[in-house]
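The structure follows.
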Amino acid sequence: MTQPADPPKDLPKDLPKDATHRLEELEHGLFTSDLSVNEFLLVKEAGFHPLGFVMGSSIYHIGLQTRKWGESQELTKLTEAMYTARELAMNRMEEEAEELGADGVVGVRLDVNYYEWGSDSAEFIAFGTAVKAEDGTSYKNALGKPFTSDLSGQDFWTLMQTGHVPQGLVMGTCVYHIAHRKLTQALGSMGQNVELPNFTQALYEARELAMTRMQDEAGQLNASGIVGVRLEEKSHQWGSHTIEFLSIGTAVTKTTGEVTLPKPLTIISLDN
Amino acid sequence: MSQSSAELPEAAVRRFSSGAFSSGLTVPDFAACLQLGLEPVGLVQGFCVMQWGWYGAGSSFMRGSNPYTMGAQSDGAYSESYRCPHGYVSAEHRMWGQNLEQPWVEAAWSAGYGAAYARMLDEATALGAHGVIGVVDRVTPVADSQTSEFHFLGTAVTVEDGPPPAAGVPWTTYLAGQRLTKSIEAGFMPVAVVASMASVRVWAYCITEYQMEGGRGWGNTNQTGEVEQVIRAHMAVRQLARKHVRQKLVGDALHGVQIDVEKRELAQGDEVIDCTIRGNRVRRFKDFDVVPSPRPTVRLS
Amino acid sequence: MSEDVAIDVKAEMLRGAQSLATAPPPNTKRGVTSDLSIDEALLLHSAGWEPVDLVCGVSVASVPFGVWNWGQGEIGVASAAHNAAVQGAAERLKEECAKVHGHGVVGVRIGVEVRNHHIDVDLVGTAVRPVDGGSTPALPFVSDLSARDFTLLKGAGWMPAGLAFGASFVYAPRRSAGAALQQKTQNIELTNFTQAMYAARESAMERMQRSALEVGGHGVVGVKVTEGPMSFARHAVGFTAWGTTVKLVADVHRNIEPQVILPLDDAVVMFAAQNLRGK
């Protein structure tokens, strides 16, 4: 199954004016980053310089969706919503990075916040640090945009040493409703060791959908692989029979054939 | 500094004479301890419940002087006065304010802490220990107000082939295990666990009261401003705590300092601020050789 | 760990215990008080710096009544109060540092309380200076970097320049009842909500950047953005951005060339003093 319908065509092209003002300041030489000191030093070691802390957010209202109590099914409207909301946030973050002339964004984090005054709505935020190669080579991806990755500074350095370059953060999402068992079924299996086929089937299918969508995104970037894949399962505010499966990872391509990672020193530490 | 305690409680005598030791050390700490040539001889503790009177003896209040009158306290304790800039407004308008150090509270705290500490040392001496490591100290307020319980717990140790403790007083430290090993390797010998406390009371005057209660005051419409009186009290209490601790150091260094500040907001902008500083008093016993810069590493797992 | 290492520490422990038996020389020197752990103190020394004293800075800024009542847009007075409180506390911290002849403060622990009528900021850190002296700079630096991060940065040619900070408070925007009903079944972005939160977040970040520029910094590392509603006014949301301002003091950045290691145990590897001596 392919991605849900194309993202809305009216994605905002302009960032809020407060953002442009802040980004201008960054273009004059000051850099900001949410990298720790360790990560900062390793990013420099990899030949990149941080440009600025970039972020994008979107407050999205998730519409109601009717569902059949007794059937396991994907709730496509909710899937679309979760996908679009995250895309909006990520796109704004990428726009900020492009504004700074970045080659990519590292350490991307995606957060979801709920506020009491926003029922059925949530704020989706994407954060990261935009970086640029110091030797002027362009690291933009197949779509001509700065790469995004949720790799930490350490992982980014290690990846570059192996001759691979990040292309983009890829994600696939699927919101699945798990059928409630009929009363007779529930009573019948009470107290026994037994597999619950609808649960198994539902969770299996949902995870597969999420991961396939993620791989499709990687395909669009002409990536040779995905590293650091994480599978997250959250119920957000929908109750325990509706779960969002989010599969997220960094798509990479191989650049050169050599691996420059030096032979590691193996140690056994004897202190605690 | 320390008060002599009554005889050891009977239960302590029984526990000590049993021969086997008990210790509060974890297994790695125990191993490190043996590596240092320290032999645990028993778990020791000291205990004291202290009460200080409300505006106890010696305070300027009890001496009949009004805290609202301007004038430093006669015992040299910190105090600062504030005077209202307005003319007469009303009987409730607070025309005077003062930041007052509360030496009676500090003295009571010191006495309680000292007594509990001394009792722990008594137990250690009864076991023939040279020092006490892994000290844990707790100060807990008890149900009634103005009462606190001081509790010390530690593991008494002897140093292999070591001399009896100087002046008959075992040395003590909060550290144990690897951290104690590193401290010794770096050339620092623990002398004692040291703690001091300072307490300052803020009697707010009109401006402070308005600022702390969100009032707009006179001529102060919709602006923010720093609350000077409260800030000065906070800075003073921290400086005083450090000053008190320094007096106990006699030139030795204090490592691993922990500073705790507790404030209780009372009505009308008044506040009581207590600041406690604890740390390990240490003495350099050998020249310091600087270690070379360590090599940074990146872990692969 | 070899046998000689074990005997070594035993001998040193004995030596230490014996040193207490001899009366200490009269000491009028002002002892060092520091909240650094022994690991951090050793690291600092290896970079040629030493701890001097524990220093504090506090500020309380008042917030007038009625500021939190639901309005529109940014809550300017609250933002100004928070920014003033952090600045005031940092100023006092610097004063204490200068008084003990420190060149800067590391490992600053930051405590912030936003209350209905006042915002309190509490800073504690250790003042440090180079071992071989040197004149006290006019503007001591203040940083929340640990002594370890300070040493690493210094080795690469950078120095901390200050605490970067920016705050911004905003009212949650309102929706009309009609709009709320219309949006109920749709998946739709709530644009004015987005704009309001976005603007406030950017504003906090911008103030943080400006505070970095004010001390002549070249960059900010370790940026942390916090956001959340006020416990006493849930329709008001506060955003703060914190970071450490850094400045390149060497001509160029010095690469650190890390060694890659593969530990074969589960425990977290922290360096041990023995390893530092190259044994």
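Worth pointing out:
Going by the order they are written in, the chains are A, B and C; count residues from 1 in each one.
One rule holds for everything that comes next: a residue touches a chain if its C-beta (ideal position, glycine included) is under 8 Å from a C-beta of that chain, and two chains touch if they have at least 3 such contacts.
Treat the numbers as computed from the prediction; the structure is a model and nothing was measured.
Common neighbours of subunit A and subunit B, by the contact definition above: C.
Averaging Cα coordinates per chain and for the whole protein, the chain whose average falls nearest the overall one is C.
The largest tally of C-beta contacts between two chains is found for B-C. Computed centre separation for the pair subunit A/subunit B is 48 angstrom, with centres defined by C-alpha atoms. The distance from the centre of subunit B to the centre of subunit C, each centre being the mean of the chain's C-alpha atoms, comes to 25 Å.
Taking the mean of the C-alpha atoms as each chain's centre, subunit A and subunit C sit 29 Å apart. Shared interface positions of subunit B, i.e. residues touching 2 or more other chains, are given as 178, 296, 298-300.
Residue positions of subunit C touching 2 or more other chains, listed in rising order: 152, 256, 258-263, 269, 272.
Within subunit A, residues 41-42, 264, 271-272 each touch two or more of the remaining chains.
Within the complex formed with subunit B, the subunit C residues making contact are 6, 8-10, 12-21, 24, 27-39, 41-43, 45-47, 54, 56-67, 77-78, 80-81, 84-85, 88, 92, 116-118, 122, 124, 151-152, 155, 256, 258-263, 269, 271-278.
By the touch criterion stated above, subunit A contacts subunit C in their complex at residues 16, 18-19, 21-22, 25-26, 29-38, 40-42, 44-45, 50, 53, 55, 57-64, 77-78, 80-81, 84-85, 88, 92, 113, 115-118, 120-121, 123, 127, 261-262, 264-272. Of all residues in subunit B, those touching subunit C in their complex are 35-38, 130-131, 159-163, 165-166, 171, 178-179, 181-191, 211-216, 220-227, 230-231, 234-235, 238-239, 242, 245-246, 249-259, 261, 277, 279, 283, 285-286, 288, 290-301. The touching residues of subunit A, when paired with subunit B in their complex, are 41-42, 154, 157-158, 264, 271-272. Residue ranges of subunit B in contact with subunit A, taken from their complex: 28, 178, 296, 298-300.
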